[in-house]
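Chain nomenclature is as follows: A, B, C, D, E, F, G and H, assigned in order of appearance, with residue numbering initiated at 1 for each chain independently.
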Amino acid sequence: PRSIATESAPTSSSMKDSFSRYAEYLNQFNDKRERVVKASRDITINSKKVIFQVHRISKNNKDEVLQKAEKDLSAVKDQYIARLVNELQGTDFWKLRRAYSPGVQEYVEAATLCKFCTSGTLLNLEEINSLLLPLSDPSLEPLQINILDYILGLADLTGELMRLAIGRISDGEIEYAEKICRFVREIYRELTLLAPKMDESWDMKSKMDVMLQSVMKIENACFSVHVRGSEYTSLSGMEEDTSYALLGVSEFD
Amino acid sequence: AAVEKQFDKFRFSLEESGNLRDRIKAVATEIDSTTRIMHSILLLVHQSRPIPEVLEKVNSHVDKLKQLFSKLAEIVGESPGQYYRYHGDWRSETQQVVSLLAFTHWLETGSLLIHTEMEQKLELNSEFCLDVEDYLTGICFMSNELPRYVVNQVTAGDYDCPRKVLKFLTDLHASFRMLNLRNDFLRKKFDGMKYDLRKVEEVYYDVKIRGLGSKGVAEGDQSVQES
Amino acid sequence: PRSIATESAPTSSSMKDSFSRYAEYLNQFNDKRERVVKASRDITINSKKVIFQVHRISKNNKDEVLQKAEKDLSAVKDQYIARLVNELQGTDFWKLRRAYSPGVQEYVEAATLCKFCTSGTLLNLEEINSLLLPLSDPSLEPLQINILDYILGLADLTGELMRLAIGRISDGEIEYAEKICRFVREIYRELTLLAPKMDESWDMKSKMDVMLQSVMKIENACFSVHVRGSEYTSLSGMEEDTSYALLGVSEFD
Amino acid sequence: AAVEKQFDKFRFSLEESGNLRDRIKAVATEIDSTTRIMHSILLLVHQSRPIPEVLEKVNSHVDKLKQLFSKLAEIVGESPGQYYRYHGDWRSETQQVVSLLAFTHWLETGSLLIHTEMEQKLELNSEFCLDVEDYLTGICFMSNELPRYVVNQVTAGDYDCPRKVLKFLTDLHASFRMLNLRNDFLRKKFDGMKYDLRKVEEVYYDVKIRGLGSKGVAEGDQSVQES
Amino acid sequence: AAVEKQFDKFRFSLEESGNLRDRIKAVATEIDSTTRIMHSILLLVHQSRPIPEVLEKVNSHVDKLKQLFSKLAEIVGESPGQYYRYHGDWRSETQQVVSLLAFTHWLETGSLLIHTEMEQKLELNSEFCLDVEDYLTGICFMSNELPRYVVNQVTAGDYDCPRKVLKFLTDLHASFRMLNLRNDFLRKKFDGMKYDLRKVEEVYYDVKIRGLGSKGVAEGDQSVQES
Amino acid sequence: AAVEKQFDKFRFSLEESGNLRDRIKAVATEIDSTTRIMHSILLLVHQSRPIPEVLEKVNSHVDKLKQLFSKLAEIVGESPGQYYRYHGDWRSETQQVVSLLAFTHWLETGSLLIHTEMEQKLELNSEFCLDVEDYLTGICFMSNELPRYVVNQVTAGDYDCPRKVLKFLTDLHASFRMLNLRNDFLRKKFDGMKYDLRKVEEVYYDVKIRGLGSKGVAEGDQSVQES
Amino acid sequence: AAVEKQFDKFRFSLEESGNLRDRIKAVATEIDSTTRIMHSILLLVHQSRPIPEVLEKVNSHVDKLKQLFSKLAEIVGESPGQYYRYHGDWRSETQQVVSLLAFTHWLETGSLLIHTEMEQKLELNSEFCLDVEDYLTGICFMSNELPRYVVNQVTAGDYDCPRKVLKFLTDLHASFRMLNLRNDFLRKKFDGMKYDLRKVEEVYYDVKIRGLGSKGVAEGDQSVQES
Amino acid sequence: AAVEKQFDKFRFSLEESGNLRDRIKAVATEIDSTTRIMHSILLLVHQSRPIPEVLEKVNSHVDKLKQLFSKLAEIVGESPGQYYRYHGDWRSETQQVVSLLAFTHWLETGSLLIHTEMEQKLELNSEFCLDVEDYLTGICFMSNELPRYVVNQVTAGDYDCPRKVLKFLTDLHASFRMLNLRNDFLRKKFDGMKYDLRKVEEVYYDVKIRGLGSKGVAEGDQSVQES
């Protein structure tokens, strides 16, 4: 360590110098945090709009609705996630995580919902992250969504899938609902093993409870369709598949 | 002394708005009483009382509601531009009113009473309007009554009811899906509508598989009352 | 009421029309709320900076420090409050109050703190509001801070005045501290009568508790200075005023 | 199967970071033990033990700290770019370290050990640095020790101590005031520093009015140890 | 001395009311035990045990209840005019008693055990009466048992039960609606009755749509036990 | 019909007690306003306003309180034997009144206003008495005011105040300790009195150790106002 | 010196019990991991995977549990008579184990795995036994799984399942009712069982009223797996 | 039948342990009463009553405590090896006892009553021992009394007291620091001791700087009572 000044003035001024550096650092950092929070809020509100768009799906307009949803989703990425990437440029991603985590989680929710609806599969973390690569300056470390935000987003996804399943049953798409049921059960089952290992597991714990409620809501809806269908089968001797078709409201469309 | 004067003024102004609020609450309580009576009457439709009779009784209270909303508008009007300051004090009562009037209207006509019609029915104006979210919440409340209505109508032998309600509710649900809601009270209520729709479908299905639906009746959209 | 269509299609499409109007309304309103929240956050962070600037006051740099604080404060007004005004243009001020209230309260806190330091008096609501008038388009109703936000801001001011008082005592400015003590006591006393009449009084209730703590912290500090001063007086027979002077750290400055 | 594979990978990765965290916590616990011992030794200055002796004992543990931080850096380094993911796990321990080393340094030299010097002392580097807010919090903790130190020094007859501490704390406080803090933990701690300053002033005043201070001593900024 | 005397008096008075309260609580605990046993017996109706047998067993405990309430009345009577001071200590137990006795009575007669009859059954008097809100709360609790009862009766093949219960519950619900309930707890319990009604309506619907109900039975108001 | 009659009776009775409660609450609100004004006057003693002047102003509101309590007694008297049914509705307001009057009395005389005196002051009677636990809670609230009072009196130069307050509070605390408090709320408030006592002891210590107390004054129990 | 010696002893003893506790917690964590894996396997029964296959997978982890409990017993055995000192550290994990094994056993045999059997299954002994309240709590947790199981089985076409589960749960509930549960946590969990029972009754009702149940099957108590 | 037998056994066993617990709680309540009386007496030392007189009065209740602990030991002994099962039921009462006896002993001798002496004083044995953490917590509670004692002693003119207490507390604090406290409650209480120490240091400082301490007294370890 450098020798300590024995006179009062210099020491005190070196302290002042140091503190003005700290001050500058804190100012810049806090300003950046504010900008990141704002970017995150924008991502949230626009991802929510994508989710609502997906819920506009019905038996006969799937392609059209999902196309728009996908378009909106890439707009969220190109416009708002890009701004987040830009703000975070060169900062430690983990340090500001709390500032952008809500937005990223909501984006994961929207992106995985779209993907499930278009292909019936789970959008992987790798896939979602590879889409973000082009947004970053190639010379810098790119922003990648971390496992935790991805999993937390996935946990919220179940709620949206539950809404979707109830809607699909109303539209007579029983098999679609059953597909959702299997998918959500699988996610729930996998997450029961991950939940206790999350960095802050208390948060995830309450999400798990909500998720189980969602799974059971879908199961109860499927049960209800099934017992009615079975009754009809036993009443009329018809094939089950045919009886399900009656549940649709196709005649009104 | 300047400070004292300022605070005296504040005290005066807060007392004044406190009084305003008390008067608003008194009217809101009256609205609540009136809707409770109307609701009591409307519940008779679940017991298969003739709908025209029920509607007549219910409608006889609408004038009272108009008066109360006019009173409310007058009070709130004393303090211009502060509608939303006091909004919370009549909010849930208004949602009940919306729910009742929309249900009554649907029983009469089979169609939805839209926002502007509702404002007209209550004789509201641009000064004292009907908040859109309150309107939408009230409509969700109305939807909650429909499954019970259908169940009881079928029990009473009206097998055509499920089809009509299902059509109406399907359209309503599709319309609601056009909205981008926040994760709030209204979204929760809208989620509930999905279950109402499901329940009505099940009843429709029950009726249909037993061949109980009126097949001879033309597919026109007759008002509920006519049936 | 207009006659109800007896056919299905038109009724249903009139419903759809209405709902697209509701959808548009909700979209616009929610977007506006977002912009207002952002403006409010900017006001908050910059008002806080003004408050920190005021706390840089010491015995010998008052004018300089306060001049900068006042300059920064008008910058907050001209830049950030102006943006809020612009966003709110034509909306009901009360409907979006929750979105901008935190920022406005913090601004009140900063503005009243500056005013007390420069003139020793309370900045009135009228005074603060008259400063905002020029920001609005003359053809529209101007944004005026409401009583509630003003009072809530004032309640927070006491905490800052407490910090100021402790600092002033350290600087030997006992009379300044006593002035703060009288001022804060007066505000507290007045607010005890207003608190139960506030629109949401539960919020104010907890602020009153914090405020009483602040008042007592100042009183305890004044007590402590006084008993020490008295002891010195009784020890040395000196005048009280002279003895207080010893408390300053002037010799180091 | 794709889903399963993905989740298997997650499980693996979370288990890995869980293990990392366990290892970090183990080191943090060791840092805590070491600082407890160092603190115990430092507390002896309140009992008027000769400062050089105390300092020597305390300093003999600094190497241990260096090793522990190097170990920490190594573990955290296994997972590049995730310093702040695990930061919470060594945060409060590090603040204690800062507090102790800054107090020790002040006892030795009478001046503040600044951030870069602290990093040098602990042999940290740009990969595993010392968070500025942790540094500042640690400095506030150090300030909390000073009133007690001054009281006990005066009790033990060292009447010159208050003046020195007061000078140091006044400068430190003035420096802190340059910072714009949020309404957070650090601001609260900084508020506490105001009370430390007040307390030291009071002791200084007590000594001064009784004419106990060493007037003959030149006004130079001798290190505390020298006195 | 006046102060001392006063505190002596306080000590005495607090001791006394503390003892009273302890004795009340002991009786309330006994009431609780008795109602638990009675409830256990009543639950057998859900398992299709013959109702007369169940009723006989339940009724054999009513004398015990009478004794306990007489004991309670005696204790509370020691401190006249303070019924409501200690009311909270036997409140929820009494509501359970009301619920049980009303359910038993309904099983026996198909009708509601009214407030004065309940007081007679428990041999209460004007000194130690049955609080009206407690009576009403107990009735709400009884209503909560009915959906389960209906579901299990239908499962056991009694298809006439839903109709009877629906009639009873519809009337009860309508009676309650007339009341302006300010007691929040009671109001909430009453809100629950709506769900009981809805559930019973749905069961009735299920039976009716499948043509399972007894069509030949005259519409007289037969008691439940008779069926 | 019996059921209908009963519910008619209930409606009437619930309406009646609801109205009673509304009227009680209106008076309680007025009591609250009056005590708030009195409290804000009493706060002036912390600003060294001459005590006789402050007391005069405060006492000018006591008549208002008497009237309000007489009104309360009248309302509650309409429903004999149900004092404790509605007790919760004026409870906390009464505790505030007790606190204020006891503090005022202590400023005047230096002694505790005992329970019977308090009842006389408010012109209560055996029909509408002052609940002992409310009295005791109010006294605890008064005790909370004393540390602040002592601190500010000393700052204003009254060095004799701490001794008097300490004597008063020590005796009061000792009296309370004799009681076996089962009321949890009261017990908690009494626990707080320990901190008041400690704080006053410390202020007394601060004054005493600096030789600031009035040494010449005889040890008589002079009233506070006289000093 | 006596004091020093005492604190040395304390340090040693606290260190020792701290280590014991750490080792217990490590084993409890392992038990938790194992039960989580078992639970995630058992969840497959809701997806209509063949029960024998699921059971085989689950049962393959029972040996691991035995080993862990034997390890736990060994550690706790080092400190005789202090089972209940550390009980809290493995309590909730054990309740999970009970729940899982009881559910597995019920799937295999259709009957309740009683306490002594559970102890045998885990190879516990009188030194390290299974606390009765933990056993009961675990059984309540198992009951919570049943409604979901019944719903999904019916959806998969097994219409006989509700009857069996209802019988099992009714008996279990009746057995529990006989206990006087003072443990609040357990009592609350048991209250939850009422809702499980109600839900299963409703599922049974849904199946029965639609004539879906197996009418031809004899009423014997076949194990669940056999069906 | 196995299930039935099991639940019969459970009922018996839960009943039994419930009764045990009730009896334990009754004794714990008596211990609490006794310590309250003793504490009341001990508080007189703050009012400068002659210490020997106070000690005599306090000690006259120790026999009662012995009896109560012997009773407790007897009850707990009925259920061997389950000391820690019921430990929570007498825990906080015992900590109070420790605090009182340790304070009394310190007043008598100026030294710490060590753990084994405490067990002897209460005539406990290896079957029913004094939990080490309870002992340590009680000692922390005693420490909380010391600042108040010092303040009041100085006020009463005993200027030598701070030095003695400071020495005692410094040693006690140093001893505690050596322990690795994992019990969160205890750790928190120990953190509080730091503030007691600081307060006593400040009083000692106040006395010292004013030259009030007894300079002539030899540095021997006189008991407090002797002074």
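Quick note on the criterion: a residue touches a chain if its C-beta (ideal position, glycine included) is under 8 Å from a C-beta of that chain, and two chains touch if they have at least 3 such contacts.
Treat the numbers as computed from the prediction; the structure is a model and nothing was measured.
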Request  = Name whichever of B-E and E-F has more C-beta pairs touching across its two chains.
outcome  = E-F
Query = Rounded to the nearest whole Å, what is the centre-to-centre distance of chain F and chain G, using the mean of the C-alpha atoms as each centre?
reply = 56
Request  = Averaged over CA atoms, how far is the centre of chain B from the centre of chain D? Could you give it in whole Å?
outcome  = 63
Task = Please compute the C-alpha centroid of chain F, do the same for chain H, then give the distance between them in whole Å.
result = 35
Request  = Can you tell me which residues of chain G touch two or more of the remaining chains?
outcome  = 178, 210
Task = Check each residue of chain A and list the ones that touch at least two other chains.
result = 30, 190, 193, 228, 231
Request  = State which pairs of chains touch, listing all of them.
outcome  = A-B, A-C, A-D, A-G, B-C, B-E, C-D, C-F, D-H, E-F, E-G, F-H, G-H
Task = Spell out the part of chain C that touches chain A in their complex, as residue ranges.
result = 30-31, 34, 37-38, 41-42, 45
Note = Interface with chain F, chain E side, in the complex: residues 2-4, 6-8, 10-11, 13-15, 18, 21, 80-85, 87, 111-112, 114-116, 132-133, 136, 171, 175-176, 178-182
Key: Parts of chain A lying in touch with chain D, wherever the complex brings them together   = 1-2, 4-8, 11-12, 14-16, 18-20, 22-23, 25-27, 30, 92-95, 97, 121-122, 124-125, 141, 146-147, 151, 186-187, 190-191, 193-194, 197-199
Remark   = Within the complex, chain H is touched by chain F residues 170, 174, 177-178, 198, 201-202, 204-205, 208-209
Chain B residues within the chain A interface of the complex = 166-167, 170, 173-174, 177-183, 191, 194-195, 197-198, 201-202, 205-206, 208-210
